[in-house]
Amino acid sequence: MANLAVNVAGVSFKNPIIPASGVFGYGREYEKLFPLSELGGIATKGTTGQPRPGNPAPRIAETPSGMLNSVGLQNPGIDAFLERELPNLLTKDTVILANIAGSTVEECVSIAEKLDETDVHMIELNISCPNVKKGGAAFGVHCESAEMITAAVRKATKKPLIVKLSPNVTSITDIAKAVESAGADSVSLINTLLGMRINIENRRPILRNNVGGMSGPAVFPIAVRMVWQVAQAVSIPVIGMGGVSSGTDAIEMMMAGASAVQIGAAIFTDPYAPVRIISEMNDWLDAHHIASVQEIIGTVQPW
Amino acid sequence: MANLAVNVAGVSFKNPIIPASGVFGYGREYEKLFPLSELGGIATKGTTGQPRPGNPAPRIAETPSGMLNSVGLQNPGIDAFLERELPNLLTKDTVILANIAGSTVEECVSIAEKLDETDVHMIELNISCPNVKKGGAAFGVHCESAEMITAAVRKATKKPLIVKLSPNVTSITDIAKAVESAGADSVSLINTLLGMRINIENRRPILRNNVGGMSGPAVFPIAVRMVWQVAQAVSIPVIGMGGVSSGTDAIEMMMAGASAVQIGAAIFTDPYAPVRIISEMNDWLDAHHIASVQEIIGTVQPW
Amino acid sequence: MADGEISRPPFLLLKGEIVMAYEQMLVPVLEKQALAKNIYRMVLQCRSIAQQAACGQFVHLLPVGCTLRRPISICEINKAAGTLTIVFEVKGTGTDALANVRAGENVDILGPLGHGFTILPEAKHVVVVGGGIGNPPMLSLAQVYGERATAICGFRSANIVTLQDEFHASGAETILCTDDGTAGRQDLVTEPLKEQLAKGDVDMVYACGPRPMLKFVAAAAKEYGVRCEVSMEERMGCGIGACLVCACQLEREGKSVMGHVCKDGPVFPAEEVVW
Amino acid sequence: MADGEISRPPFLLLKGEIVMAYEQMLVPVLEKQALAKNIYRMVLQCRSIAQQAACGQFVHLLPVGCTLRRPISICEINKAAGTLTIVFEVKGTGTDALANVRAGENVDILGPLGHGFTILPEAKHVVVVGGGIGNPPMLSLAQVYGERATAICGFRSANIVTLQDEFHASGAETILCTDDGTAGRQDLVTEPLKEQLAKGDVDMVYACGPRPMLKFVAAAAKEYGVRCEVSMEERMGCGIGACLVCACQLEREGKSVMGHVCKDGPVFPAEEVVW
């Protein structure tokens, strides 16, 4: 048994594996398959100030080794989250990352203030959802707006603050540096890549929202590259995600520089993916006589 | 038999299918499998001013439903291309797109001037190779540099000028509009997405160049989305590529707005991919009683 | 766990007891047949899933090579044998891959999932209406109600008529309709449905099929003031209610709510559906 | 085209004659055996490819589910039977998928490819040196030269020793070495090689195996002034010389040139290789 514990921004995780925001709800459905206490942490579905119905269906399309989604932040709103979901989650003996997805600075700040008064362990500020627009572009695609919103939320909470970055940018390292300078304690990446599929029989986009976010194994090489670049560019810890579907994928992501790893689409293929991946990581470490998973973080040697 | 002919920037193609730059060399090897005259056109390997040896090997890695390459523009240089390859290509009864990959404006201009004196049909200016750097970033990732280099090459040649765009940007429509305003007759997209894979056993990137360009079916949804966005943003014709591996993929790309379609990685899986795709497109059009492939261009109806 | 079924490996770290409402496992295909062109019937050995399964629920199958699972309704439940029967039509890559699984090979199943049909133990007469590939889930209802059920099976044409022997064997009065009259009555399913409803003794109408058909069935039931449940489709991710992918607009107590086909459905009271 | 081989469909638009140097087709696996743990031998029926194949060339196989083909050297060429034999080790996903193909099923092949070994019809004595999974391509050379060849087969350990019967049957003097002495001599292949070279009658040394071994073999041949050819590996895309993916640094006439393993190789004169 290797030691799987990691530490991100001062928070201890029993292992590095965290179901990603949006695929795991608030854990209730997966708890019927495995105990949530097995997980390093749980990133909750993106929360907005008010309840949101999300986009019309269809909201999902399969793509080669991947998928598109356009759920569009359907959620019951921060108050219902605090009342109905968070207390239950906090009893589960795992780190809870509350994901914020406001569409204005004020909305994000107000949600952060409310979370600051709870026992939630970390806040993950999503500035990268392709559907959250401010003046035509998401906060996360420009350094100025990324920095501004991070600084505002930073002031609103003492909780460890993770900022979740978009891959749909020219330079993800510039954005990462901007949010670091604005006080983020960690960055998580990547959110989904904007994609589209068309039903050629009816000449309509498959997603009712026309475009959606691509994730799954297909995006893994892009995620590894971005995690590697960002880990070199900033000194705060990086949480890696994007296409991780096996223990060796998670090891690869950590060698690229991730201190912890989130699991998204893989859970649709295999509902046990997070616990399977934890188990596979352990097996790999044992087979390689590596005592602690922390030893591998950022150890890739570029040529 | 549907009519497969298309017209791009005044040039007639017998069908919309063009092997993409870099995967097809100058056609000599594939000519041993099928006559080059079957093809709509051929995009030649990127040409630089001087011969280039490219990057050290390994230069390729497989990824889920895709691949990474880091060939790095190995080519014999423009003079050898003009002397040894172009004359042969021009006898093949297919449209020749000479791909330019200079790393400075002067280099691109000088290559364009030399091509202008030949009978080559079109010039495809690659401003998007992740390996061609100018001051730390490729020309293709900023509007100003994209516009500047396009304008310079535009002045150097009367040939129909296609500018090939990078997907590694925040807004590909902004870049497309910039090169349109600088006089491009067409845009082609997408070039490869920057990615990375690590061999976790030796903790080294698989590619000797550390990072490489991702292509293949995995990127298809991203390519369709970008072609759709760009086709709406500009009024010059769009040549679509990225992950096309079947006749229905090509139809989907054209419905998204492409006037012609290039085929890259698919040819590694199936060396007959371009001719198979032409044949499959024809079958689909016949089955749907569509007389001419031109009727489907840009016909997707967004919700 | 029965012979041949492979439940999840006991993960190194997995401790503590879980009360499973659904399970994921690899289970053997006991039988596979083509019922018509592109329509296959499969019997899966999955004792614990069959034990818990109810009419109208579905299973979420992972075809080889796919990223996403495919939802398929349960057609027959045999709790004694520990088997489930499914019937599916090849529509795309996923169902094609499923159709290539041979008897004796395994499939990856997650189930039973969703909210099934409400069974009325006291009902005297129920009508089950299937359209096309919507017929299979109606069979399990016919088997529950037997002679108390009237099964109306609608198909486009004779060449895709399936499961008629099984419907007859269930004891249900079975009325076959085709759009083109090549088998049974040349009628839409709503005609025989109205005849049944006109009898005045129908306690419940159940339906599965294309959306326009469901809409007409729901309207007919409403006209006669008879309770009606319909099985809906939507593209899915998780299949268990976590990802919110399978949204469908519902109207509950006058309010518009966003429901989810995998958890709140696939069976909904017809009056909740926003057509 | 022989029975069972499926060459490319006659594309609607394909007209005109092509002289094929290589072909791509689906061909049946006639035999498949495990020779050792994770090492498989396959006999492929591919008449026209076998007709054109030469020692040291390779075939480019597409495993199911892969984007890229996998290069595998030709181990035996039977022009009369129209078959090729290959031997491969399972290393990753692609070779694993190949290992799961059963006799009777088809594989997608592109070949014969590359530049093979130079056969010296007049040679009196040649030495073929294989290391590990580099042994199979040496067999076809042993079969060409028969008693005029000495085959030196090096392996890590007895459990992966393969093809020894076939080497003996070729008529070649066969010397088996293992690193750990569990079979044959406990020696690196370079020891018996030097013994052979010391005889003074060797016309050519051929080698395939791990790069460090090739380097020592090349050095030994050079020391004795004997011509030497080595078979190199590099990751490939097209396999036919178009994509420039499989680059390897060469020295030709004092000049550094970028060669390509798939077209200029996989067999190179040892003195051209930049070690």
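Lettered A, B, C and D in written order, each chain numbered from 1.
The rule is simple: a residue touches a chain if its C-beta (ideal position, glycine included) is under 8 Å from a C-beta of that chain, and two chains touch if they have at least 3 such contacts.
Given the structure is predicted, the values throughout are model-derived calculations rather than measurements.
Student: Which chains are shared contacts of subunit B and subunit D?
Tutor: Per touch definition, common to subunit B and subunit D: zero chains.
Student: How many links in the shortest chain of touching chains run from subunit A to subunit D?
Tutor: The fewest touching-chain steps linking subunit A to subunit D number 2.
Student: If we define chain centres by averaging CA atoms, which chain lands farthest from subunit C? Would you check?
Tutor: The chain farthest from subunit C, judged by C-alpha centres, is D.
Student: Between subunit C and subunit D, what is the gap in Å from one C-alpha centre to the other?
Tutor: 55
Student: Need the CA-centroid distance for the pair subunit B / subunit C, whole Å please.
Tutor: Those two chain centres are 47 Å apart.
Student: Let me have the rounded angstrom distance from the C-alpha centre of subunit A over to the C-alpha centre of subunit B, please.
Tutor: Subunit A and subunit B have C-alpha centres separated by 33 Å.
Student: Just the number, please: Cα centre separation of subunit A and subunit C in whole Å.
Tutor: Result: the chain centres lie 35 Å from each other.
Student: Residues of subunit D touching 2+ other chains?
Tutor: none
Student: Which residues belonging to subunit A are in contact with no fewer than two other chains?
Tutor: Within subunit A, the residues that touch at least two other chains are 61, 63, 65-66, 216-217.
Student: What's the contact topology between the chains, one of line, ring, star, complete, other?
Tutor: Per interface graph, the chains form a line.
Student: Kindly provide every pair of chains that touch.
Tutor: Once each pair is checked, the touching ones are A-B, A-C, B-D.
Student: Going by the contact rule at the top, pick out the subunit A residues touching subunit C in the complex.
Tutor: Of all residues in subunit A, those touching subunit C are 1, 15, 22-25, 28-35, 37-38, 45, 53-63, 65-67, 69, 71, 74, 216-217, 265, 267-272, 275-276, 278-279, 282-283.
Student: Which residues of subunit D touch subunit B once you look at their complex with the stated criterion?
Tutor: The touching residues are 8, 11-16, 18-24, 62, 66-69, 93-94, 110, 234-238, 240-249, 258, 263.
Student: Can you tell me which positions in subunit B touch subunit A when the two form their complex?
Tutor: The contact residues of subunit B facing subunit A are 61, 63-66, 68, 137, 141-142, 168-171, 193-198, 200, 203-205, 208-211, 214, 216-222, 224-225, 228, 243, 248, 251-252, 255-256, 284, 299-303.
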